[in-house]
């Protein structure tokens, strides 16, 4: 049980929490937040990988790029959620059942 | 500057240049003439793909490495690389973009300038995915591709558009998390994410070594396959796909089915297969996903109430075929997958273009409201039948040859059972397509559709162009088979 | 150093779980920001200084701003309107699940008794900027595309709806 | 040269069709063509054998024409028949609407026969063979477009024979590894070879009209014009069928006397002689009688060929030549009778010897020839066949002998009732009524289209007496009969023996005096029987009634009436049963496709669509389950 394993476990728990958020909450923005939570864990994994393999600078560049992507995802997610709010007057994901087989 | 270098840089600079120039003009002008800008971008992509490939062949090279604005000779510098496979996929991207523009010319109305910008960024994202030589860069461009798609679906802002977009976004981000986690796990073992450094990793790890990193590599492979499978839209990762395809404007649906899920999904799996094909469970998991996808996708397609939804589920089913071909890991399998990607692009784009024509002329795509349009819309009906033949794999068309290749590849790789199932599942594809044809084009013309006329202009052009490609490929494939035979692959 | 790492990781998880469980969307956004801040501390301690700076400014700053903008655009800055979501949410189970999964992972790690890698020594040889501009040019190209994308997204998605399609 | 023999008839056909309105021109042109054709065949016969490959490529076949001695002999004989057939036909179809087309078809048929005789490649042979079937169908259609029962029957029955031939060709090509007949020499009759040999023989003899492929001929005798009967069942088809059968027996396959194939074929031959002869006994129509007689005579050839003996082959081929001469002649006389009297019903005819002296003269010769009266050509060939049959088994000999008796009986009846005696006017009305009852369909359809022109024809020709164009060919044929009788040994040994490379000599008066005496006794028996029947019934046309009323034979006629010996009836019944079976299968398949499969698929689709219920949580769960499943595969395989 060294530091690496502890950090890995904590990261995995964060991802589980993020997925839980995606599946079990009904608020559109909250789902976007869930994505961000999972992304935090991924950022941690990347830096940890850089430390383990001795390429911390490389992993830092990865983290920076991921952050940019993360922000854009947040923007698009929020924008779509707001658009849906304008249509439905609510942010409940259970409204999204118009499209089905 | 050689032709090859111009073409290669064109893939990177072309779309950006179009975006920059396009936004220099005032809004009204840009809105009015979006067709020419986006069309130029798409045509340029096609020309660059063909010209570049020709130049590459003339030089006798198999691949060509280059950097966009940097010198790749510096130690550790990133670089882009072109080879035959990538040229083919780049050509497909260009072709699909062109078809999309042709359709958008009639279907997209109030947000044409956004459409143009996003189309070009999407093309850039896909070009990037195809050109990079590093797994992380692949992820970055994958994210670009995905984000463009979400916005393109959502920008029409009906309830369905936003809903489809949001579902796609959530599932896509899940795949992004999977892929990034996998990247981090891989990096723990190798410290580098270049394809060259990752290749052969399967030989260096073993499940029984007792090392954490080795186990994490296997976990990474699971996550990579799942992540790209979500992007491909194969059962059981497929659920977003019909919703997104159905809700999006048809011009965008064409992009999604024709290029995005092939470049973002199948190409990713292709890379996985290339780098980690020697890890025992990778091929079988792809095959399992593929075969489930073929059958369940077709079964689901049979009962869908809406034209584009049927076609979307058909896409799920066809992606299964491509995965099945990839799962063999042989050269023939790769060729078969590429062939089917090409055929699928042609016939699926035709079906979506027909959807655009129907939507434009009748105003609906619900199957219960359509019927007997054969006489009113002869060209659409005919092209749709050709596409149907190609989907079901019936001889004079492209789909027949690529399906034959897939079955041959499976047979050669020693899985005759899968080959048999793939063959029999073809009947299911005919089932849903016959239903589609019968409901939409044959039978009694509904009185409210009596005044419907054939679509005109660019959509008609797109339909005819795609049908010519489908039939032309059908004639060309035997020649390709001969080449393969001569090359000892078949 | 290890203490700060454990602390930072623990706080990150805690704030993350809080963000997931909190019924108020505003507080959830703030929880996310705090989680992000904890992560930036963690990153700093692990030696990724520039990444830590970005995490603090971009993720805990910009992302929170975006969410708050979204919340205000949906006219629900207060917590009381969340009743409709609260009804069926079973988020109270989450800590239990997490503890279960965590225990499972710990037991797995202990029984497998794997050889785990250690953290490598920090070297000052390669600078982040050198790597970013010298080795990761392709990513920069991707970032340009991402930012363009974001720009279009803001322009398209947050626009007031005057010319609606349907 | 070889191609000329095929192209010339085509050209002639076109010419005759164009010149259909000018009787003299077409008569002269036909004569010219026929003589040219004869000259070409003669030239070919003298020139020895040679072959030519057609400049047409069909994958798998080399289209080769080859003229060897056998082909040349048959070709020459066919070419000798052509002038007679043509002159007679042109004379007969004068002023008929369908005359031009009829002549065109006839010439095309001649081209087909020439082609089939000359082709060395079995594929090419099949082409000409089927072409002949096509022209035959066209000719049968000419007069009865609305009611093409004879045409359809001919097409079905001959088509079946041709299918069997095709099977035989396929099997032969398979076992010989070549499509060329010149490449097949004495193939062994075992395994595939036996199938090939049997099927080839069946097909060839079916073309010649052997039972059970004869069924269309009597029907055609009712519906088709008389020249057609003379040309097709009378001569051309028989030449072709016997040609191929002779080839198969002597060249392609090593058929041993007494082998299974040989005995089977001989049984068919004997059955044909007896059954068709018995059927001929009961006929009251001149043309039908002759048609059955033609079928019956084929039996002798089949018997001879099937024996596989040299004497049998020589007898069969010689009998073929003789048969073609006298049976064509008989059909021509029937045509002349029809033209003169307007009917061919034996019961209405009588005493025509005064009106048609030339015809009567020739018909006497033909009749003597067909009954095998000693000294005429039919006698010699029959004795050869008797020899061969006796050598194999005495039963075959007895069957052939009985056949000869029957032949003599019905020929006597025919001769007596048509040319001697008086027309039985009183019976006409009764019989017509009866006929109308018996064959309502034929009576209902035909009279308007058919009987009026014939009646008019009768008036016209009746005034003129005998038409020269109809009489001359008969006389020539009669002369040929006599000629063949006189020059019997050069024909048998010189022409046939040389063509087939027979070692022994069979010409001259039969060596076995016992057989000759038995044959003469048989003829005498027939004469006695006729006298008995005539006295008993007081009408020549009913002189056979005491025979046809015999127990056993009567049942035979009842069975024949019901179509028990009619391959066409078997076929249609079989087809009907098969179609019913197909209907069942079809219903099952329809159910399977219309209800079974869609229900299964739709059910599965409905059940599966619970997967995609639009709920995002479900989508995510599915994706994560999918990831876990992939993980499971990894865990299982590592």
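Per-chain residue numbering starts at 1, and chain names A, B, C and D are given in the order in which the chains are listed.
The rule is simple: a residue touches a chain if its C-beta (ideal position, glycine included) is under 8 Å from a C-beta of that chain, and two chains touch if they have at least 3 such contacts.
In this text, all values refer to a predicted model and were calculated from it rather than measured experimentally.
Note on chain placement: the centre of chain A and the centre of chain B lie 26 Å apart, centres being C-alpha means.
Distance from the chain B centre to the chain C centre is 31 Å, each centre being the mean of its Cα atoms. A separation of 67 Å divides the Cα centre of chain B from that of chain D. Work out the mean CA point of chain C and of chain D, and you get 96 Å between them. Contacts with at least two other chains are made by residues 136, 140, 143, 147, 151, 154, 157-158, 166-167, 170, 174, 188, 212-213, 242-243, 300, 303 of chain B. Along chain C, residues 116-117, 135-136, 139, 142-143, 146, 149-150, 153, 156-157, 161 each make contact with two or more other chains.
Residues of chain D found to touch two or more other chains are 609, 612, 614, 616, 620, 624.
Interchain contacts give a graph that is no line, ring or star and is not complete, per the touch definition above. Pairwise, the chains that make contact are A-B, A-C, A-D, B-C, B-D. Of all the residues in chain B, the ones that touch chain D in their complex are 166-167, 170-171, 174-175, 178, 207, 218-219, 221-223, 225-226, 229-230, 235-237, 239-240, 242-243, 280-281, 284-285, 288-289, 296, 299-303, 428, 431. Interface residues of chain A facing chain B in the complex, by the touch rule stated above, are 4-5, 15, 18-19, 22, 28, 31, 35, 38-39, 41-42, 45-46, 48-50, 52-55, 58-59, 62, 65-66, 69, 72-73, 76-77, 79-81, 83-84, 87-88, 96, 98-101. Per the touch definition, chain D reaches chain A in the complex via residues 609, 612-617, 620-621, 624. Interface of chain A with chain D (complex): residues 19, 22-24, 31, 93-94, 96-101. Here chain B touches chain C in the complex through residues 12, 16, 19, 67-70, 74, 76-80, 109-111, 114, 117-118, 121, 124-125, 128, 132, 134, 136-137, 140-141, 143-144, 147-148, 151, 154-158, 188, 210-213, 215, going by the rule given at the top.
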